[in-house]
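Both complexes shown next keep subunit A, but they swap its partner, so subunit B is in the first and subunit C is in the second.
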Partner chain A sequence: MGTVLEVRDLVTRFHTSQGVVHAVNGISYSLDSGESLAIVGESGSGKTVAALSLMGLVPPPGRVESGEVILGGREILGLSGKEWRNVRGSEISMVFQDPMTSLNPVLTVGYQLTEGLRRHMGLSRSEARTEAVRLVDLVGIPNGVQRLASYPHEFSGGQRQRVMIAMALACKPAVLIADEPTTALDVTIQDQIVRLMKELQAELGMGIVWITHDLALVAGLADRVAVMYAGSIVEEATVADLYRRARHPYTLGLLNSLPDGDHAVSSRLEAIEGRPPDLRERFARCPFVDRCSHAIERCSTEKPVLESVGEKHTSACWRREDL
Partner chain B sequence: MTEPLVRVRDLRVHFPVRRGLLRRQVGSVRAVDGIAFEIREGETLGLVGESGCGKSTTGRALLQLQPATSGAVTFQGENITEMKASGLRTTRRHMQMIFQDPYASLNPRHTVGRIIREPLDIHSIGTATDRATRVTELLALVGLDANHADRYPHEFSGGQRQRVGIARALATSPRLIVADEPISALDVSIQAQIVNLLSDLKQELGLTYLVIAHDLSMVRHISDRVAVMYLGRIVEIGSKADVFDRPLHPYTRALLAAMPIADPEREAARAHTPLEGDVPSPADPPSGCHFHPRCPLATEVCRREYPAVGTVEAAVDSVGPAVDKAPGATAASGPPHLVACHHAVWER
Partner chain C sequence: MSEGIPVYERPAHIPPPGLWTRLRRHKLAVISIAVVALMTAMCAAAPLLTGYEFDAIDLGSIREAPSLDHWMGTDDLGRDLFTRILYGGRVSILIGVLSAVIGTLLGSTVGSVAGFYGGRLDNVLMRTTDVAYAIPTLPLLIVLASYTAATGGSMALIIGLLSWMTTARVVRGEVLSIKEMAYVEAARSLGATDWRILFQHILPNAVGPIVVGATLAVGNAIIVESSLSFLGLGVQPPTPTWGNMLMDAQATMATKPWLTIFPGMAILLVVLAVNFIGDGLQDALDPTGREA
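On to the complex of A and B.
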């Protein structure tokens, strides 16, 4: 179980007409093969942009400004367009939130599935066909041969997501990035897809980066969790530690705002007041200070950095020892 | 016992499916297919189910935003499905809706003040001064500032826009609020704010809610009673404790089992088999019990006939004395715990 992916001090910014948006402000993490890391955050936290940065897919006016991404021992941020195409889909691939917008509606599923196999694996048309049938069977779609001749709209939402997973896994990538793969799905279908991905991970041994806003879902699928806020990782821990001993006020706030299933009708949820900051600001202070009930003087003048609070547990908070 | 605020009897909403040059009707989507329930004054009924189960259509039919194909919706003792447009307009003062997407449900060209005032204009409530005062009052009620009235929706965050939507719904002092997925478009940290606001408003103003949602944990938090829908029908309805702690329908159980738990240890400890298959199309529902193709308990009778909606006691009696009655199911107060399943069983 070696490290397959290492991200060091990744910075991605968007140069818009309204100013520079600091979407990702120097995040670092690593992923072992066969491991699941969840990156949790709200919209605007930078979690999706961070993932797109790894794939070389940041849309303009966004740009990866600095940092390193080491995939299988090789730095990939400096690759040319052609080199990217060889890496993307074969060594690292991605499953997106909405399978309807990420599949081409005018091409059959079979065509889209074999395209990558022929491109990356150098398979012939008929070999790719056979492999595609095996893949759709692997992800639990019955009648593979017939289904490959179908178009995306002929599949249900859950089935489309299975197709996306089959495509992402076609070339046996070392790293799979799953960006909210179940958010658009119903809860019973979400359950099926999560189970499928965990089974496939156990079988194929790839590392998975799960990107999600759903803390309840994370509890069942990740080994480690990194919590993002305003473009930075504010806490990272093993899944058990994060839920038992969270050491950042934002993480604590998120966990407390979940309904815990008690039956008191009138009980109130502990909401985090206020809202996330404007990312056009370059933070010289803690980005969470305005919403934080633990804030002290120092939080407004100096931005906290990630420091260890225990084994494999880091928190970016000046009051991490008091929480 | 007093008359419930809302009483729905055998409500059906079918949408025609048309094909061909002459747009001939070739079938119908039975979005809502014969449902019945009541909501008592001051109560919150949660309506849950997966996409396409007809929960939103039910909410719209309750307000007659979507005409019913058949059946009756009685509100404050009057059958609103038979009302003429003018009568309906008067009644709608007392029943309002909160929508899912605060980005799509507010007119971007109107100021927030105008958006909130509009229901007062439509129903000719008060003088111009009264209405202006009322707008200020409503803004304060939902936690916004008075000066927000002159701003436009795009200047607000998602959570604030949902507050505007809530203020608009409250403008005419309604008795019933239908909230269709009121928090699902919002961020996690904002969801709790809106849920708290909804429960504060209920207490302060004595509101009655129908909350439509797919998020079971939120429904569990805010509801007094819960109804579970599958393919146009209510398969189980009961108090929150009945449905969440003593679920009887295999579909309810599967939904609860699929609900993620925010606790790694409990999550790892539980074992369950995920529900197989997809939700079938409401245009062509399976024969008999609509759930039978996915149901682990299905037998011949399930394929043949749709189960009658029965109380827990009826279900328990039919399977004989070996099974215990659900504790609390016989409690005298409140409507009974009902389930539509041939094999509903209470297990100890």
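On to the complex of A and C.
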């Protein structure tokens, strides 16, 4: 399986009136086709901005300042507006967080599903229609012909997310970005959506970047995990490695704050003390130092970089060997 | 894969509700459409409905009360009022509808482009709108009207060109809020162009206030034309409009009320009907079927 997506040193900043916000500070990762990478981080860690950067959709005053995004062998950050539009939806597409607001209330589901097909695949109205029926069937919505004539409010939340997935997959993109696609759904529907996406991945072979704050969800859905903190990746490992032996204090903190099935009742959950740092700062130190119980002097003076701690396992911590 | 999910299925014999189906549920709007259609048809077919000419002066029968000969009576030159209402309606309805269309198109375009693109373009367009707002309409109308032949078409154009500013502001506000919606971002993530996003995804969601503005503009234009007629700058006599008929009747309002009531009723009926149509349209254009 070849690499479909490679991100190198991506830097995205927001130039606001209150100063420059360093949302993404030089992250790098790669994704093979058919592979799932989860990017985990708390709110404000830069994971969504990192994803939007790949789509060329960073809202102003934000801007991708430097770095490379190589999608299917082609660098895409330098594309013109028109070239971008040809890439979006056909080579890389995105499933958004809230299915209740991600569909246009005044257009039929069929219209919204066929829009991309007609634009990217050059299908005629009736061909797009046929394909749309196939797609809604694929994502598990029965009675497609009739459902396509319905409006979004006639669908349940889970079904809307199925429609969003169908829209994102319509033109068979090589990479799918799933930005917390299950956060707005209840647990049983979450499970259905996750299973659906894994089935579709097995069938269509696209690479998926899962963006989530839910480390518990990650175990069931990703091959590899990258943990983001304050705009940087602080640890990257296979799922099994990360759960067995996390090598960054922040990851450890996240794992400790998960409810544990065995003694959930008896032990209190551990929270990570303190608050995430202000991203207007340009870090010359470890961004996690203020909240870290393992911190040493060096952490306050020098920013750690990602270094290998094992096979396919990297950590950005000066004490990576001691953990 | 979907077992266990309750699925709403529309029974096969019920077609998906389209615009017309939803509009038909709005009884008042349906009646109003019929009223406007009927009045327009009658005005268009005026020569078939009356034996009089609209400018046929009959000094032997001035200011007669309604009778079988003259259904709505006669005016102070003995002209048949019913005939003049029919011919006047041609001009008044044309001015009302055409100027509303012009004003709404112009206002929506300016407002949506300003709101969507923002930045400098927004500033230029909205300051232009402010300037247009600040120009006192009536004096300008007077100047314009004195330089142009005051036909129905030119009046509609002038009134339309002077009544787009409110629409522009309202539409800009709507676009500003709608363009932040998640479905706009979703459309963008699927490669939609700016134009497509603006016209297919944003404007249909802003159609409510646009339609309301347009229906109000119809009534407003008929009334503006009346004011100009009153100043002698509207459509020139002997061509009747509902506005200038109303103005002519001012002096005798107390003694010969039919001269005021009939043109007044005509204006009221059209304006009211258009507003009901606007109401109905606004509801019908919202597919979720909520009553506004």
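The rule is simple: the second predicted complex is superposed on the first by the 318 of 323 C-alpha atoms of A that agree within 3 Å, B and C clash if a C-alpha of one lies under 4 Å from a C-alpha of the other, contacts with A are read in each partner's own complex, and residues count from 1 in each chain.
What we mean here is this: contacts are C-beta pairs under 8 Å (C-beta built on N, C-alpha and C of every residue); 3 or more make two chains touch, one makes a residue touch a chain.
This is a predicted model, so every value here is computed, not measured.
Q: Return first, second, both or neither, reflecting whether A:166 touches subunit B, subunit C, both chains, or no partner chain.
A: neither
Q: Touching A:115, do we find subunit B (first), subunit C (second), both, or neither?
A: Only subunit C; A:115 stays clear of subunit B.
Q: Who does A:143 touch here: subunit B (first), subunit C (second), both, or neither?
A: The answer is second: A:143 touches subunit C but not subunit B.
Q: Could you tell me if A:158 is touching subunit B, subunit C, both of them or neither one (first, second, both, neither)?
A: After superposing on A, A:158 lies in contact with both subunit B and subunit C.
Q: Touch check for A:214: first (subunit B), second (subunit C), both, or neither?
A: So A:214 only meets subunit B here.
Q: Contact-wise, after the overlay, does A:104 reach subunit B, subunit C, both or neither (first, second, both, neither)?
A: Second partner only.
Q: Let me test your reading of the model: by the given contact rule, A:270 touches which partner, first (subunit B), second (subunit C), both or neither?
A: After superposition on chain A, A:270 lies in contact with subunit B alone.
Q: After lining up the shared chain so the two structures overlap, which partner does A:89 touch, if you call subunit B first and subunit C second: first, second, both or neither?
A: After superposition on chain A, A:89 lies in contact with subunit C alone.
Q: Can you give me the overlap between the subunit B contact set and the subunit C contact set on subunit A?
A: On subunit A, the residues that contact subunit B in one structure and subunit C in the other are 156, 158-159, 189, 192, 195.
Q: Mind listing the subunit C positions that touch subunit A in their complex?
A: Within the complex, subunit C touches subunit A at residues 1-2, 5-10, 12, 16, 181-183, 185-193, 196, 200-201, 204-205, 207, 285-288.
Q: Quick one: in the complex, what on subunit B touches subunit A?
A: 44, 50-51, 157, 159-160, 187-193, 195-196, 199, 203, 214, 216-218, 220-224, 240-241, 244, 254-255, 257-265, 267-268, 274-276, 278-279
Q: For subunit A, which residues count as touching subunit C in their complex?
A: 55, 57, 84-90, 93-94, 96-98, 101-108, 112, 115-116, 119-120, 140-143, 146, 149-151, 153-156, 158-159, 164, 167-168, 189, 192, 195-196, 199
Q: Tell me, which parts of subunit A touch subunit B in their complex?
A: Touching subunit B from subunit A are residues 42-43, 156, 158-159, 186-192, 195, 213-217, 219-220, 239-240, 243, 253-255, 257-261, 263, 265-273, 275-276.
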